[in-house]
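Pasting the structures here.
Below, subunit A partners subunit B and then partners subunit C, in two separate complexes.
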Partner chain A sequence: MTDNSNDQTEVFKRQKSKEEMQRQLISFGLMIVFTLIAFAIVATDTVDRIYILPILFIMAIVQAGFQFYYFMHLKDKGHEMPALLIYGGVWAAFLTLAGLMVISWW
Partner chain B sequence: MSHDHSSLFPEVMPAAPEKATLEGKNKFFGQWFFLGGETVLFASLFGTYLALKNSTAGGPSTDELFGLGLVFLMTMLLLTSSLTSVYAMYHMRNNDFKKMYLWLGITGLLGIGFLACEIYEFAHYITEYGFSFRSSAFGSAFYALVGFHGGHVLFGICWLTTLLIRNAKRGLNLYNAPKFNTFSLFWHFIDVVWVFIFTVVYLMGKVG
Partner chain C sequence: MSIAATGKRSFGSFLWDYLTTVDHKKIAHLYLAGGGFFFILGGLEALVIRIQLIRPENDFISAGFYNEMITMHGTTMIFLAGMPILIGLMNAAMPLQIGARDVAFPFLNALSFWLFLFGGLLLNLSFLFGGAPDAGWTSYASLAMQSPGHGVDFYILGLQIAGAGTLMGGINFIATIVTMRAPGMTYMRMPLFTWATFITSVLILFAFPPLTINLFLLMFDRMFETAFFNVALGGNTIIYQHLFWIFGHPEVYILILPLFGLFSDIFSTFSRKRLFGYTAMVFATMLIAFLGFMVWAHHMFTVGLGPVANSIFAVGTMAIAVPTGIKIFNWLLTMWGGQVTVNSAMLWALGFIPSFTIGGMTGVMLGSNVADYQYHDTYFVVAHFHYVIVGGTIFGIFAGLHYWWPKMFGRILHEGMGKFSFWVFFAGFHLTFFIQHFLGLMGMPRRYWVFLHDQGLELGNLISTIGAFLMGIASIVFIYNIVYSAIKGEKAEADPWDGRTLEWSISSPPPYYNFEQLPLVRGLDPLWIEKMEGDGKIPPGEPLDDVHMPNGSFIPFLMGLGFFIAGFGFIYQVDHSLWYLALYGGLAFSIGCMVVRSLQDDFGYYIPKEELKKALEGEAK
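Take a look at the complex of A and B:
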């Protein structure tokens, strides 16, 4: 490789990581917005009680998704195995929660 | 040392220094496997909390106990520390050791801020409300869940401090890049758990 093409690779690499950084900043902004909305609807008590719990829960799941896919790069290629491992964990976590809920509320 | 370590110090750093060596790849997979297990562990603590949160034994309820202001501050501190650790990994991939250190340092300070708030919160509950680990099933479940998360933050801060001291004079290479990345994954996971704690414990506790 000549120096010139090496420079181009470097420029390309930096351009790519800059775009990645922008996506991560947008994720961060959205997470802040979701957090603000979550605290606001609880503090102001404007939303009907029946809707509050599902809204809060969905916003938490979306935030967790941003963390996993953007901050922890789960969306990038080469993350098939980590995705399998974490979703395996989430599945076992769901069973654990469901089990504990059923025995205490049945 | 008898081994040849020259491959750990390349002249041009690869695009993903954290996964350029076999050890780096193994650390990466190992950490994700560990986080999958942690998910289950925290799920069992969340399940226990949800099952016991109304067993207050005559003590204060979640609505009377929790204040949203401090929890909001803690959320902002931890969420911001997640972003600063993203910045640190960005500079790692651009092979900028000093900036990576700066952002990791800020991450640690924000973590300490979070932990200080949590200690204040627990002390406040114990002194003002007499609400302790032993006062009710709700107390046990609450301190087990939130305290275990706080324990993770404390562990993370100790881990980061050790990394920063040990590698201060080494510069960035293929030996320590995976270590910083592994820490960063752990730190993001702590924030994921906190998102569910502030939602399920504090916000839903306020709603009832």
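Take a look at the complex of A and C:
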């Protein structure tokens, strides 16, 4: 009976890691697509200049999200401390950049 | 056990043990020895500076050599003496305080040390190879780009290598504190020194990348003809200053926060009282760390950022005085009504409070941007930062060494000599730096190699030099104290200070596995709780079982050596292309070491249960 339950958890774990792998591959594919789009809209003149920057920014933020949540597992349980540190760092970097911009353009 | 063993072993095996160790306690010894060596070097440089300034228009050393001295004194004291000694103390105490057997990544810990040591040696070898860096410890690009010879290149490569080690150390400590706390050791039960180590490590993690980038940009400009900072080619030299201080201001908090934690532990231990306002202390530390990132431009008030930017940074700077004030008052209230023991460790801690408070007060004065135009680049600034760094960091290091020496080495430092060196150092410190406030207000600029006759600066400078020699004497007495205690010192028991935290619950020095069974923590100051409510022994938090330990490794040393050789290659490849051999050879060697490390299957070893059982029975007797 113990063997049986071990088998079941084994099957469950395999299924879980298969799903995880699928998600990783999907987000990896999306990131490559985003990168291609980014290069394409800059290289060709299909998009108006004013729109290029916001589009690039949005795609960059989504890519960073994929990186944090899928590749670095922030979506999983037990990652509160890494999340706190990452967002702390993002906040410190944001304030630093904001400070530099205030100095330059105010 | 370890002392008896080292006594019998040959010097060769003793050396090999330290070259390959991944044990946090031995790495702490290495850090203290390496940092101590550079502290002596930096101290000698300080004495040379003070001898040069003993009388007007002195010609003890040349102007060029004076520039090298001030640069190397600052760089050595901050990067190679202060920080490594602090990391040494963290290594020695933090894992014990949270009830862990080692840090999270023991191999990385050894690598951190060897990178620091090889980086420091590279930097100091510049003296033998055509002159040390001479652009000041900040090495502002406008000066550094003009500096002839290879001095500044040694600065760049030396700090790059040492800085990589520090960054790894910071990450290691964060991972250790997040993942390896003993059962029951919640965040809000951690001793303040552990808290400070944690927050300092976060500061290292966020502050060192800007330095790394800055050093790379400067390196590209000097060696590969880019133009990031070259105004003539359209670069901007102010960017260097910004990046340097975005790193540099958190850096000064990296130097002081661990000691804030350490003093909290010392005050509560020697007052036999729980720390007053524990929660406030934790959050004040966090607040200081946070605000520390927002005030970098107060080092640049006179650059011309404009009144709005200057005002914002002035207000931010003054705000830091609030959490720091919370800490000062909490320390005073910890002692209030306590059963205070004044020994050497406590003396250094008591001396710290007024000294550091003066430094903080002049800090607020400097933070006022209108007044700063007057103080900027005078001896007033020199006095200010020596009051905080010597009065804070160095006093703290001495206090910490007296406090943890029994735990680290199993011997108690001699109290009489300890008190003597405190009083001589304390007097010398105030003689040296107090008068410098007034020299600065009288208009004496910093970094000048001579001052003139009849400007009223003679007496002040003479007093300052006498004070510096007193600090030198006190340091020599302290070193003699170390030697004396190693030979004749009184053997330390497990808990010589009637301590409160976990490190005092195990023998001095601790066994190489620290804890036979991980301790169960029932609250803040766990050992004190067991002394008051239990039988004075920490209950085990796990059943007795085999203990997993990492194997030692020589690879960290070799990796450091590879980067050291590559550093020479980078510096000299501009002169002769044969140096590419050293550059690529060194890098390839280090990367080869990484590959070997990645491919080898090293699962460590287990200490059998029986051995631990024997040790436990031995303790019970």
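We take it that the second predicted complex is superposed on the first by the 105 of 106 C-alpha atoms of A that agree within 3 Å, B and C clash if a C-alpha of one lies under 4 Å from a C-alpha of the other, contacts with A are read in each partner's own complex, and residues count from 1 in each chain.
Basically, a residue touches a chain if its C-beta (ideal position, glycine included) is under 8 Å from a C-beta of that chain, and two chains touch if they have at least 3 such contacts.
Small disclaimer: the values here were computed from a predicted structure and weren't measured.
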Task: Using the superposition on subunit A, decide if subunit B and subunit C clash or fit.
output: clash
- prompt: Regarding the shared-chain residue A:68, is it in contact with subunit B (first), subunit C (second), both, or neither?
  reply: first
Field: Of subunit C and subunit B, partner touching more subunit A residues
entry: B
- request: State whether A:102 touches subunit B only (first), subunit C only (second), both chains, or neither.
  value: second
Message: Just checking: does A:8 make contact with subunit B only, subunit C only, both, or neither of them? Give me first, second, both or neither.
response: neither
Task: Please work out whether A:89 is in contact with subunit B alone, subunit C alone, both, or neither, and reply first, second, both or neither.
output: both
- prompt: After superposition on chain A, which segment of subunit C among 55-63, 487-495, 541-549 or 559-567 overlaps with subunit B?
  reply: 541-549
- prompt: Shared contact residues on subunit A for subunit B and subunit C?
  reply: 81, 85, 88-89, 92-93, 96, 99-100, 103
Message: Quick check on the complex: what are the subunit A residues that touch subunit B?
response: 6, 13-14, 17, 20-21, 24-25, 28, 31-32, 35, 38-39, 42-43, 49, 52-53, 56-57, 59-60, 63-64, 67-68, 71-72, 78, 81-82, 85-86, 88-90, 92-94, 96-97, 99-101, 103-105
- prompt: Where on subunit B is subunit A touching in the complex?
  reply: 12, 15, 19, 28-29, 32-33, 35-40, 42-44, 46-48, 50-51, 68, 72, 75-76, 79, 82-83, 85-86, 90, 93-94, 185, 188-189, 191-192, 195-196, 198-200, 203-204, 206-208
Subunit A partner contacts - residues on subunit C that touch it in the complex: 174, 178, 202, 205-206, 242, 246, 290, 293-294, 296-297, 305-306, 308-309, 312
- prompt: How about subunit A: which of its residues touch subunit C in the complex?
  reply: 81, 85, 88-89, 92-93, 95-96, 99-100, 102-103, 106
